[in-house]
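Note that chain A is present in both complexes that follow, paired respectively with chain B and with chain C.
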Partner chain A sequence: MSSSVCLRCFKRALIPPESSSSLTTAHRAAFSTSPSLSANPPKKKPSVGKTQGKSQAKPGKTLRLTKNKRVQTGRPPAPGERKALRKRIVLSNTNALDVPGLENLTTENVKDTGRLRELEGRVLGFGEDTVDAMRALEAFKPGQGWSLFKRPAALVRKDMIELGEAVQNAKENNSVARRVVFGERGSGKSVLLLQGMAMAYLQGWVVLHFPEARPITNAQTAYQPIQTAEGETIYVQPHYIAGVLGNIAAANRGLLNDLRLSKQHKLPIPLQSNISLTRLVELGARDPQLAYPIWKAFLSEMTAPSQPEKQGQLRPPVFVGMDGVDHIMRMSAYLDTDMKPIHAHDLAIARDYASLLSGKTPLPNGGIVMAATSASTRPAVPTLDHFLARKHAETHAQALTTIRDALLDQAKTAKSIQDIDLTNLEALTPASFPPPLALQAQNLQYLVLRFHDQNASLHSLRKYLHSFAPKLPEWNPFEAMDQHVADVMQTGVGVTKMEGLSKEEARSVMEYYARSGMMRGAVTEGLVSERWTLAGGGIVGELERGAVRARF
Partner chain B sequence: MPSASSFRPVIGVKRPAGGVCRTFADKSSAMPEAKEGAKGPNMEQQEHVSEEAAKMAKMTGGEGPDIEGTGTPVQEILAGDKEARKQAPQVMKDSIKAGTGAQNAKPATGRSFSTMARRRAADMTPGIDESAGLPPSMLPTADQRALYAQEQQPLAPQPVQEEKKGHKFPLPALPLPSNGNKDHRYDPVVDQITNLLMRDGKKAVAQRNMAAILSTFRTAPPPTYNPLRPLLPGAPPASHLPLHPVLYLTLAIDSIAPLLRIRSQRGAAGGGVALQIPVPLGLQQRRRTAFTWILDAASKKRSRGSGKDQFALRVAEELIAVVEGRSTVWDKRAAVHRLGTTARSNLTHGNRGRR
Partner chain C sequence: MFIFGVNFPEQRLVTRALQSFYGIGPAVSQTLMARFRIHKTAKIGDLGDRQVDDLAAELSTMTIENDLKRQMVDNIKRLRDMGTYRGRRHAMGYPVRGQNTRGQIMTSRKLNRIERRR
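Up next is the complex of A and B:
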């Protein structure tokens, strides 16, 4: 009886791809029927005999095309060198002018919500410390335009202030805020994530960050199955996790140095009971085979209750970020033993993040779990899209429901329809609602005003208002829903849509460009208006492209 | 940047109008009479070599031979004669007073930021005697320096338009400028170079490449001028260039642009040899030739990295090399000009006529 597993595949699977690629010895199958491709080249014929075949061309008479010969000059690039050059992140331009009066995002600014509110609409720089930590977490990305300015700076937007309040709230009440940020390409999702991490870092939080979700699922790193305690099969990616642990250690070194182990962990190697968390994380970063157990141990340490009275047992709040989260909300590119695609939530690291996002893993010391979608490398994620749209609509639907309820209350008590106060209804701007609700808001506004103008009976108004209910996007029942994703998104995760900048904000950003010497010409109202419109209603990435990069 | 000239001189000398010429077979004894003001065949001689050299030097910004012969320069007379100095025109008085030898001119130092940046290794810079300084023609005049210094100041954001008289935005000044339409949206050099960068009609790709080139200019360290390769007269100080990438580009292209091209006329020289005739080029053609040379040089370079912008990066590096005088394109330009000088006697080819 033959085994169901091909022995040769089995042998190959034992060697992790990363280690096999670095081996110098060539692997060769023991037996092969295919012809050898690496045969020795045929021997050259001895010196040019004139009597030999006519096909032998005389030297000097052949057409020599230099363009057909590849001349190797200089050292060829080392493996990975060209990619490193492409992905290099430059955060400073020595040619740019130093913007006078550019303030920094400091701990004092961040701690005080009122102070932060005052700074709304201004561009704030990042301090050197923060820049180092964020760089270690890979929160700055290539292609974000940092390389044009003297030092990194970003605009304080409304969303950032809300995030700052959430950070304060989480710190004071030990609560957890879970949030997914979505929006158009270039609308500032990744930069908001960066600002959130910077604010958390400045207040002494532990910051964990997955700079890209894509490499988790696109089958580019090694994976191996393990059994969980519940008997499920999940897949760990040792090399990827080791990289993440290295980033965490580099960014949070100052904080983790003072924290000690508080629990006994089952690890493959013996550990001292009182080593610092930096040391623990570095152990995992150094050895990929230890990375996953150490990641689990680190996570359980961070989610242990804080004991400030004991030395080294204080547990600060945690900020967990992930960019491009849509990539882990679908099937991954990995295959299981039956050659079926593995769901991304069966990959250990994505599973851990998803359980943090859904609140299954509690954060007793408070924290923020934030995810940003990716609009430039967008995979098809219908379930996530549905929940994002629905939750976004829900926040707007609430405004409509409040107005309807207020009108109903008045309709019950009022003597005639002319007594009803319509100021709230008239102030409604249907265009600001997401598409399915915009029409409804328009209808509500129009019909109630019609009732009012025609002096209709209160009964008919009440009847209409009773029948009015905001319609939310519904899932198409003929399509299969991704249950893993639905389980995460149905647990009270908040969503934020990044909208375009207002014209005042656009003006502030453009003044920063002009002061840096990167945009020539005066910042006038006409120019701001023109650029704002061409940037699709103030999409900040497009604004930068139009004002700095492509406008000559 | 020279202004676009619509005037293009015609090469060669015009033949005299028909009827005035007397052929050798003409039997009539009456000599033909020239028309009033008409020029005879030998009345328009070519200029003397030194005169032509002086004109050429004037165009390229150098100092040609002294065509005034042995005359004494006015400055020398003024220096010795107190009385004459009093009577001298105001311009001369001013220049004497200010002592504006071009050697004294210095770029304005109004920059609040450091220019300490990566410098190229010493062995890569061509051998330049630092003490020699730049040739006077390359240094900007006082007016130009004032202009650059003014441009260098970051423009203070203007207050939001205060007076609104019934219009959201101010009405345009009439008459509307003739170039106030979409065809003149970008700088003419940027426009032309973008089109020259374009392959297979993909203009958006060319525009992205152009943006990458200009971004490279902004982020690269300021160039070091090479006195052996003088740029256009009145070039701004090198430290001003990164903040004005379009000027950087224009300076590189216009400095390298040849004044003429060589047209090879077959069968004109006899014996199967082509006659080489120098033909002056217009502004657009000069820029086009220059940029074609730059593209040739850039396409022979190797990319150091990978990705979409590598080609743009190589072109930008070649343009920087032009400004720094390292580029081989300078040799190409010199060769064309040298050939033009030797072949200038062929300019009269059309005049000689054929037997």
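Up next is the complex of A and C:
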């Protein structure tokens, strides 16, 4: 049987090295800490391969090659230099050709929806003034390919025309359109947002824009708690808000210069009662500690009723944009004092935007609140995804229900199944429906046509049509829903899915590439078809990548 | 700026500065920063006076640096004085928790002493 204590160690510990007698050990404690023993274990001999520095590799162990040595060449980049290079926006390419006859997006074009509709499928440039304003709002982003062409230009798509109509509508009826744009990466969400802002800007709107939602929530900027009037704790991000205010002041300077304060605001500093809104916003941009109160004051000025008869009390409609909105539809990376993550809607600026998007903050002078999701920096946002999918399906379900109702009406009055008009049903393209509905649409089309072919009784057709109802995506009841997000999305926010371009649109864009000298060769039907397919069905970002960037 | 008696340069990350103290690692520094609402990438220079004071007050109540080292040494000393196997292994510079001693005991060779220093 072996003892639990190693006898050899035991012996070594018991017997001091100077005495070999085992007799004395009986009088001692089992283990002694007397000074004679407190010497450290003997040092290793230096020849065993000991080196001076900790990080220094043992000699002879690594292969010494010149290529393994790190050579310092030039000076290292200064702090922030690499980021500045990464985020640099270049809007012009001197080597690209100036496209002759490239029209601009002008106020006249935008004001008249009929005119705008005529321009569908054409590429329009942005005027210098618009470019300056949009640049100030950081609406142009790196990686969008602006640096490939002589000057910024974008395609007029169907979605843009719808947006243009919404802008007109909001202006005329003082109504508010609230919309979330989603779609694949490179499908043109951010550019649609840019076009929307440009259209609003050209018509004299105040344009507010949050170019990225991610820096709001990723805990890279300072935050402070404050108490709301309802006693909730929310968090303000002074430096971020100051930056946004600076952008707003720079982009809307011409407009805000003429607008004056109309109310008394509770601010930490005394203010003249009639200063212009530009001055107000600039004050906030300059001092981060004032930024949030000034942002609130500015928002309340913008949402005050317009009084055109009074000097400087006119309040134009407002366009509020946010890109990458999914980042504020989840928990933020900030922590509260109990180490729990803070929900993004408890961050003051995201909260204000969410309340604009949900319509809780009214815009009495009309306006558009638009958000684009981000597909390249996509966070996990199950609740938002569900509502986007459901609302998108709802718009399509409407089409199916209309067709079903029309068929049912006919089935009630018709004498035989052969009298029923099936043109609408035959024109249905199930592939254009979102996944859960596509199968249903296919079934509807197939079964009704089969009833028709087999000359089935009207009764059986009616029975089938009665049983047909479009199925919408349902929330999994075993998962917790993000109530903050649900509250926003359940308030009649519209959703738009950015689809790929049509072949005609793709052709128009490719002709623009060719005329800019950035794509060689003639734009033929075959080439357009090929590029359109390779771009995943006309995803415009991919189209550009395939046609302009990757030249073989 | 001085925190807990150490002068840190302005551009040093707060989390790094905190973790330079013996007894503060990633988890504790995160807790401290959350308590005083310091964001993840804050630098020492970004801290407000209030935050610095709060942080210093909090650090002074914690068992860190020499207090923590002394506590550890005392714990080992207690083991040794009782004559336990673990106390003995500490004193002999051998691994304490039953590891083999043929090779790979660099850490215990380095750290375990009769009067452990760190």
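Assume the second predicted complex is superposed on the first by the 475 of 552 C-alpha atoms of A that agree within 3 Å, B and C clash if a C-alpha of one lies under 4 Å from a C-alpha of the other, contacts with A are read in each partner's own complex, and residues count from 1 in each chain.
Everything that follows uses one rule, which is that a residue touches a chain if its C-beta (ideal position, glycine included) is under 8 Å from a C-beta of that chain, and two chains touch if they have at least 3 such contacts.
Everything numeric in this text was worked out from a predicted model, so none of it was measured.
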item: Contacts of A:396 with chain B and chain C, given as first, second, both or neither; value: neither
item: First (chain B), second (chain C), both or neither touched by A:550; value: first
item: Chain touching more of chain A, residue-wise (chain B, chain C); value: B
item: Chain B versus chain C as contact partner of A:521, first or second or both or neither; value: first
item: Partner chain in contact with A:147 - chain B first, chain C second, else both or neither; value: first
item: Partner chain in contact with A:98 - chain B first, chain C second, else both or neither; value: first
item: Chain B versus chain C as contact partner of A:260, first or second or both or neither; value: neither
item: Chain A residues contacted in one complex by chain B, in the other by chain C; value: none
item: Parts of chain B lying in touch with chain A, wherever the complex brings them together; value: 112-117, 154-155, 157-158, 160-161, 169-170, 186-187, 190, 207, 210-211, 214-215, 218-222, 242-246, 302-307
item: Chain A-touching residues of chain C, taken from the complex the two chains share; value: 30-31, 33-35, 37, 39-42, 46, 80-81, 83, 85, 87-88, 91-93, 109, 113-115
item: List of chain A residues in touch with chain C within their complex; value: 5, 9, 13, 29-31, 33, 37-41, 219-225, 235, 333-339
item: Interface residues, chain A side, partner chain B - complex; value: 73-74, 77, 82-83, 85-86, 90, 93-98, 147-148, 150, 511, 514-518, 520-526, 529, 549-550, 552
